[in-house]
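Have a look at the structure below, then the notes.
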Amino acid sequence: MIEELRETVCGLHAELVRNNLVAWTAGNVSGRLPGADLFVIKPSGVSYDDLTPGSMVVCDLDGAPVEGTLAPSSDTAAHAYVYRHMPQVNGVVHTHSTYASAWAARGEPIPCVLTAMADEFGGAIPVGPFALIGGDDIGRGVVETLSGHRSRAVLMRNHGVFTVGESPKAAVKAAVMCEDVARTVHLSRQLGEPLPIAPADVDRLYDRYQNVYGQRSDR
Amino acid sequence: MIEELRETVCGLHAELVRNNLVAWTAGNVSGRLPGADLFVIKPSGVSYDDLTPGSMVVCDLDGAPVEGTLAPSSDTAAHAYVYRHMPQVNGVVHTHSTYASAWAARGEPIPCVLTAMADEFGGAIPVGPFALIGGDDIGRGVVETLSGHRSRAVLMRNHGVFTVGESPKAAVKAAVMCEDVARTVHLSRQLGEPLPIAPADVDRLYDRYQNVYGQRSDR
Amino acid sequence: MIEELRETVCGLHAELVRNNLVAWTAGNVSGRLPGADLFVIKPSGVSYDDLTPGSMVVCDLDGAPVEGTLAPSSDTAAHAYVYRHMPQVNGVVHTHSTYASAWAARGEPIPCVLTAMADEFGGAIPVGPFALIGGDDIGRGVVETLSGHRSRAVLMRNHGVFTVGESPKAAVKAAVMCEDVARTVHLSRQLGEPLPIAPADVDRLYDRYQNVYGQRSDR
Amino acid sequence: MIEELRETVCGLHAELVRNNLVAWTAGNVSGRLPGADLFVIKPSGVSYDDLTPGSMVVCDLDGAPVEGTLAPSSDTAAHAYVYRHMPQVNGVVHTHSTYASAWAARGEPIPCVLTAMADEFGGAIPVGPFALIGGDDIGRGVVETLSGHRSRAVLMRNHGVFTVGESPKAAVKAAVMCEDVARTVHLSRQLGEPLPIAPADVDRLYDRYQNVYGQRSDR
């Protein structure tokens, strides 16, 4: 079980690189071990090329490593906070992806003006507070902002993006889609005002996408 | 015949990825089976890396799968509508490509200010209505907007792009060129107003490109 | 001799792709055969992946193919005009590269505000006239605009870029650098006015780069 | 020792390409030979594909090559000046990376509005003077601007970026991060004003990142 999760989490980091969400060693993916109070996360400051399943770090839900010699990601406390407070979440992703971070630096939510946003996020992508790294502040900001929202992504002010999902892969998908819509809406706004989508249509799109899209075996 | 079309349509999805037109599993290509009321389309929610000729879904012109176990793209109804109402069309492509979708989010047509646009689209790229997925609304919007236009591409409001062609490859080419000119015209407008091309020159460019460009065997 | 030139010109097309200067089959490179009234150019409408040295088309200086069965690039007349009127030029490149074409659509020269521009182009990159394809108009516009300029690149209005060089490789380098500085200056102007470089400093930079840069054997 | 440094410096040039910091042959990395008054640098005007450890040029601290036949980078004098005046620096990188150069063309420092900037640069990225290539002017501008700053990067006016580090790899990391934050802050400012980070928080982030991030063995 843990070996499979190490492989999954390690492999998903390659998606961050492939989708141009990360520079150098920034960014990280974690996954909760089903049925245990453990999660697997990237080691700190290690190059994406050098990641292996064995270098992933297993942590308890306080963010303390339970085996191995590598230090876990410096964002581990934030991931741990999310797992402690959002039991339905089994995957967390953090990036400084370019367009999403540009919105975050202004502290401005991304308005829902694309059907793809309605599908994936069910509305605007919200902004969380400015928070310093090192304690529970970032994790608390993520959890408080996402509670009561359909969005799986939050823009942390002056910082970057956190996304959550029912699996590590779903959280990575949310990170990819967040940057994609952040870019498209940014560009649209450069030359004028994007047209709104009626809230009732946002609801219809979200409901359908969550229930009809993809293969039945994925749902 | 159907095997060849499965291979063609599968292979063309790689062009969407290579030309950066798609994120995650968004986007799809279909091709009509010559002489039959059937078309081949991408399965829903499957990763581009995992597509094989065998995973392509064969549908009738109502969009119902006629064999296999995978569900077809959630945009299948729109493709089917186009095939039913545009007999000259043998290929359809749908993407949320970034710059084209940025124009679509404002509901603004792309003005014809590049000779490459005159060549490929014969004028401006028009905007279709806002339409919800799941019925004939999107397909009808595509067909009504493209009828009477030389453009092979339509920007569906708040959504993305549909392109059509006399072959699946021609529709993919139109999708690539649509994003290319959407980006160039967007950038040009950021620093001022692009100069117009006289309508008579647009006509001359379009006529020549449709009749002289490429190898004789391609025409 | 001609075989070597076919290989060189074929191989340089891969640089257009690698440097993101071209979409689909747009763009072309040609090279003059030293000591003969011939040049080698891309065939029309052929995919970059499918180019081989053997598919390059040999033309006389009127742009007529002198062997083989493939039609040459639809821009052949413009290349031929340049070779007839600029004897020092042995390579010509044409692209619709994004940022350069954005400036061309406004008919606006790129101001020389980067030392890299002074190095390579010796000043601003000028704009040529709007010209229809199919006769000598484009070639004449290129030659007239570049005559009396140090620039190896010209932005043809509403169209794209032509670059020239003492070799096909030098023309490709100019096309790469033209897009690079077009992008940087575009971005710089988005947030204010770039600072000018004093004309005497532009001269000093150009002189040094043309005479000191690179290995002695390249000069 | 020198062979290992040749390999390191050669390999780091591939990072410039992979991170899209360089066009054609522009850009260079150097590394100081520990315990000797020598450094290793890219040869002038050689394609990134053709670089080998053996083609790297060994220079003394006046920038004169001490062995081999290739001419060193035309920026060698600037690297040498830095090594002579900043004994703690063991690696220097120079690029014309796009967004950083766009700020440099306006002569405008990049404000510290991202936690990643506070982490890596400890504040704003400063601007150095306009300086002609060929003497000590560029090197002096780099050293004078970086003296008394926490930033490892300086934007040289109308030119590009120089970064320094305690190792060649650290200087390359600074070049990658400089372009990354230059791009994000540029985009953020396009649609409004990024929110400031309180100076005390910048200090806290910088201190933590320099002391806690990464694996203990890296520090």
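Order of writing sets the chain letters: A, B, C and D. Residues in each chain are counted from 1.
By definition in this document, a residue touches a chain if its C-beta (ideal position, glycine included) is under 8 Å from a C-beta of that chain, and two chains touch if they have at least 3 such contacts.
In UniProt terms, the chains line up like this: A, B, C, D = L-ribulose-5-phosphate 4-epimerase.
Worth saying up front: this structure is predicted, and the values here are computed from it rather than measured.
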- Query: When subunit C touches subunit D, do the two copies use mostly the same residue numbers, with over half shared, or different ones?
  - Reply: different
- Report the inter-chain centroid distance for subunit B and subunit D in whole angstrom, where each centroid is the mean of the CA atoms. 44
- Item | Separation of mean Cα positions, subunit C and subunit B [Å, integer] | 31
- The positions of subunit B in contact with two or more other chains are 190
- Every pair of chains that touch: which are they? A-B, A-D, B-C, C-D
- Task: Please name which positions on subunit C make contact with subunit D in the complex.
- Result: 19, 113-116, 173, 176-177, 180, 183-185, 187-188, 190-195, 197, 201, 204-205, 208, 212-216, 218
- Query: Which of the residues in subunit A end up touching subunit D in this complex?
  - Reply: 23-26, 43-46, 70-71, 74, 96, 98-99, 101-103, 105-108, 130, 132-134, 157-160, 186, 189-190
